[in-house]
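Notes for the one structure printed next.
Labels run A, B, C, D, E and F following the written order; every chain starts at residue 1.
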Amino acid sequence: MRPDKRMTPDEIRPMTIETGTLPYAEGSVLIGMGDTRVVCAASVEERIPPFLKGTGQGWVTAEYAMLPRATLTRTGRDGRKGRVDGRATEIQRLIGRSLRAAIDLPALGERSITIDCDVMVADGGTRCAAITGGWVALALAVAKLREAGLTARDPLRMPVAAVSVGIVMGEPRLDLCYLEDSAADTDMNCVGVPDGRFIELQSTAEREPFSSEAFMTLLDLASHGLNQLFELQQQALSQPIS
Amino acid sequence: MRPDKRMTPDEIRPMTIETGTLPYAEGSVLIGMGDTRVVCAASVEERIPPFLKGTGQGWVTAEYAMLPRATLTRTGRDGRKGRVDGRATEIQRLIGRSLRAAIDLPALGERSITIDCDVMVADGGTRCAAITGGWVALALAVAKLREAGLTARDPLRMPVAAVSVGIVMGEPRLDLCYLEDSAADTDMNCVGVPDGRFIELQSTAEREPFSSEAFMTLLDLASHGLNQLFELQQQALSQPIS
Amino acid sequence: MRPDKRMTPDEIRPMTIETGTLPYAEGSVLIGMGDTRVVCAASVEERIPPFLKGTGQGWVTAEYAMLPRATLTRTGRDGRKGRVDGRATEIQRLIGRSLRAAIDLPALGERSITIDCDVMVADGGTRCAAITGGWVALALAVAKLREAGLTARDPLRMPVAAVSVGIVMGEPRLDLCYLEDSAADTDMNCVGVPDGRFIELQSTAEREPFSSEAFMTLLDLASHGLNQLFELQQQALSQPIS
Amino acid sequence: MRPDKRMTPDEIRPMTIETGTLPYAEGSVLIGMGDTRVVCAASVEERIPPFLKGTGQGWVTAEYAMLPRATLTRTGRDGRKGRVDGRATEIQRLIGRSLRAAIDLPALGERSITIDCDVMVADGGTRCAAITGGWVALALAVAKLREAGLTARDPLRMPVAAVSVGIVMGEPRLDLCYLEDSAADTDMNCVGVPDGRFIELQSTAEREPFSSEAFMTLLDLASHGLNQLFELQQQALSQPIS
Amino acid sequence: MRPDKRMTPDEIRPMTIETGTLPYAEGSVLIGMGDTRVVCAASVEERIPPFLKGTGQGWVTAEYAMLPRATLTRTGRDGRKGRVDGRATEIQRLIGRSLRAAIDLPALGERSITIDCDVMVADGGTRCAAITGGWVALALAVAKLREAGLTARDPLRMPVAAVSVGIVMGEPRLDLCYLEDSAADTDMNCVGVPDGRFIELQSTAEREPFSSEAFMTLLDLASHGLNQLFELQQQALSQPIS
Amino acid sequence: MRPDKRMTPDEIRPMTIETGTLPYAEGSVLIGMGDTRVVCAASVEERIPPFLKGTGQGWVTAEYAMLPRATLTRTGRDGRKGRVDGRATEIQRLIGRSLRAAIDLPALGERSITIDCDVMVADGGTRCAAITGGWVALALAVAKLREAGLTARDPLRMPVAAVSVGIVMGEPRLDLCYLEDSAADTDMNCVGVPDGRFIELQSTAEREPFSSEAFMTLLDLASHGLNQLFELQQQALSQPIS
């Protein structure tokens, strides 16, 4: 049995997506993966970064932070000491690249969408939850643009979701909780799309180097999990915003 | 009728306090005042600021921040530019002073409690909600210390709550929502205790100077509101943590 | 007898206002309240903050800092560590709001006046001295604008001054010096105008909560002190600039 | 033909490793991959991060920066504006994790090795060059510790090297130069060890999602390149330090 | 005639030194050179920089800043933007080196003296005034240490003073005011001691390179001025502190 | 014999100038003075600082930094802690002023040239090497502008070079290495031009004040050294860029 009571290694944690959590945002969700909770808010702004001026293209970017007490012990508030933590920087760049792939930037037009991902409770997999939930927030914001007739064609190219996999005590497991993540020999964050292809793979040997065979096993496990996440994303979008 | 449908000027908004929102914190709540939502988490740490070393006293402090999309338009993430916003600084100092008054610092012993107040939705009165909810989080954390037998006597001196009042279009009103706050001639934040006395009063003329008579009227209105808040705090504490 | 030799609790300290201290400033004073010394300089600039562009309105803001050796022991230079001290932030926001109330912003036109308040010696009441002296610097700067024919009507609405009051060893006292301020159960900073009304009241229980009666007693004491400050402001303005 | 005149897609660029470039460092190299030039310096210090105090373990970390004119147009000097660029943060974390895997941290003892990677010329693949060259600098520094008898057993576990691969105009290619990197549909940075296993894989779809088949093709190509890098590392170590 | 009414090129401006300006400092002066005004405060602290721990030596350092309205137009407050201005850094390093030379650091013992130099009015020569006045503040602070019997022998080695010289419209001039400084072809800051020797010379060609002959002429002129400054320093020290 | 094996006090260290080190820069050199190594890169940009807008003039500025392991022990990376080191600030201002003197700014037109000086190995005299090498980089960049026909007349006014001199164990010496610099009673950095005149002289008494006679001796020694540097600069420019 896994530390959070799951019975099989290829089982994802109970996932919940509540939409409309931050009512002022163009799109927002509270996503739960087991005990992990992340608020994702998509903000549409009629401005773009300087390097895109005059290109007709839009932009999608992300910011990631944790509430100080999302963790077992209190973590200093990100940014209050005049600099953003390296881990947060790395994660928000991953989220940004992943969600940018979901959008046809020329179709978006010269506007930007910022996805703010704020972790309320961190029990492993927060960056994956941020991508999976962030995509729903993004889709809601794009739907608003569409309803308002602000884009000539649909900027939403495809769903994007992410899941972590890893080898824990010799066993490949899907969707690691914090205790598993801490004990993993290898872990991988997989960002995928519904046709089975991937947007980004980041695989790290925490203890021992991993072989390409182990890598393929984990990739299969991730695909299995991603399929379920895509379904849950669609369910969330098909229901009225709470 | 008031902008958020309240019928009378001396009515507070519907208030909800959910406890246990951030399960790793020693005490935590999600407080709602109308549409305003603030997450308050109390973290106990076995260390104190340098100026208290060796005094046997403890410390209580607060940090206040808003999620970028707590507001109608996106606000840059506090601290990401290497400095904390002046408004946030002012507010977190008020929260810290107010909640410090609730605690017998020598009884707390040489440990500190940090109250993190993160605004999820800002519809006026966020600093008051942070104090009212922050006190509940603080009381929960102190109860944990008591249960663990870590303090010789009870460090909790008394309840503390806060409410805003103001004069809007000539009329004294209780618990201003954002639209009222923007239109107020004068507003006041009142931090009080159950016996009718006050911890802190901050009254500001936004348009015209105010007389001491107007001030007294607002003070009475605030007392009326505070009484209800103290009751709701006790109800929240009397129920099992969710 | 009070620690600085004053005989009665309702006596203000000797106050001096020297004008023209910083000859390049449009208006400047060196204000002394007992041993406290603050240099206040008003700078007129033909630019306004972005949120006022195109409104035809002007702006008044303040900055507050202490020389490192204004205090008994040396304090690190504000800002040299990449961040402004929280206390300074809170104080300069109070000064800014108070002096903004003295000005008819549309009459000022699209220009800004910055009041720099630099504390040379800190013996209590520095924020109040900064407001009282800052108003004189502001009035001098406005007079220069008037003489130059740069404003169609007078932007100066009314005098503004500030004084501290507090309860020290059970006794309500006016204009606390540092030793009294440190020992006060409650203190209040009152920013008022000559007709007896107030711009801002900030009352803080340092040890015990205070009642609304105690509050009213302090308010009366403050009014008594403010009346003297308004007279001294006028005297300073009626004399040639030194 | 490739933009830098290479004739085949599975050819690495000419690689040079000059040792002893920074004579004061415990280990240092100037590595060239085609036109890319990175100076890597290993500094041994008898101190460790706080979280390792008392564990008997050592630490390996990395810093990465570019000279302002390593690039076609001048880039602002990293850090001069009070914050480290997000890209640099992400890269130096990758280098640190990769080189940490090469070291038996308990065997290193309570000391730290910092690998400074400063890019002099950036023509693609700078992070991979930093890892490949950084490992040689690390090995030189460890050899010095060994000669001085400061470690009971050898802290060097295995060689580590890195290479980039990508799909450019539909063709899988090894060791991308800048022009290829900019045009790639997918690219991957592979950090490997001599037995064919991997330390870290980071694969990003720049234009289109990639399939697991494409991924495996790239992985094979990377393995082919890594084998050559391991040989060149050994050659560099076998020669006298210049 | 010179712009500030001086009749000859080798005349210094009227100099005044008021002692005891900041009563809490161990030594303090307000120095005036013409319209230039600098407050210098010496703070003795029983701590030293890490690199001197255990050497038995003391340290002298300086900080230099300008009030925002010391200048014709308002200058942003130094440090409020998270970094110290380059000019201030350069100047405070010069002041620190110059005043350090006046002190026998081993005789001072393991304590530090910080000289804070805050410019109230800047009409040229502020760094020289800061050194000349800073030395008096330093001497006063050392005298206090001597009176308290805290040093075995006198840490004060010799007087130090500074003056600017320059070539303005072809004419070598002593003690440049702001208008002369702006128009100078060459200027030099000379820090000297009473026996005619120098601590630091900084000579800069603002328009045209200067010859060693011109340099010697300026050096003589500076010596002439320094002699007068040393006398005025002694007069200031011989009078009771105001 | 001197610590680096030089036989006479008036001998400069072996100097090498390699051009074209950073191929993307408009001009670049790697300059060596004994063991000291500095990379200098000149970047031309079609923009100027705000205070020059509309004047038709150009600008020359410099940035100076050291690789962390340019020194015997590792130095924290400049700027990573949110502030630039005071020494670097002082040095880059000297380099900027010195090289600005070499350029006819109106002839340059409204563009700026930034000289980045990055010290790879620091064995004394790094600021002088940066100026001497920086001038060659600047001359190369100006030549490119001339070739491209972008300036109506030649912006290069004259060569500029710099050398250090000092009194070590009573003996005046030319071009101090690190060990001599640390032991010097007095040192001076001299920035000169070929006709024997100077751009900037900075002379500091490290232990004892120095006389004007000692100063003149050092100045002669510097002139002797500068003459050799000017020749080597011309040789470097006369050869094809490597």
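Note that in this section contacts are C-beta pairs under 8 Å (C-beta built on N, C-alpha and C of every residue); 3 or more make two chains touch, one makes a residue touch a chain.
As the structure is a computational prediction, the values presented were derived from the model and not from experiment.
Repeated interface: E-F and one of D-F, A-B or B-C share more than half of their contact pairs by residue number, and that pair is B-C. A straight line joining the Cα centres of subunit A and subunit D is 28 Å long. The geometric centre of subunit C is 32 Å away from that of subunit E, both derived from CA atoms.
For the pair subunit D and subunit E, the distance between C-alpha centroids works out to 50 Å.
Annotation for subunit A: residues touching 2 or more other chains are 82-84. Remark: ring traversal beginning at subunit E, heading first to subunit F, gives the chain order E, F, D, A, B, C.
Across the interface of their complex, subunit D is touched by residues 82-84, 86-87, 89-90, 92-93, 97, 101, 192-193, 195-205, 208-212, 215-216, 219, 223 of subunit A.
On the side of subunit E, the complex with subunit C involves touching residues 21-25, 28, 35, 39, 41, 43, 45, 63, 65, 67-74, 77-80, 82-84, 114, 116, 118, 120-121.
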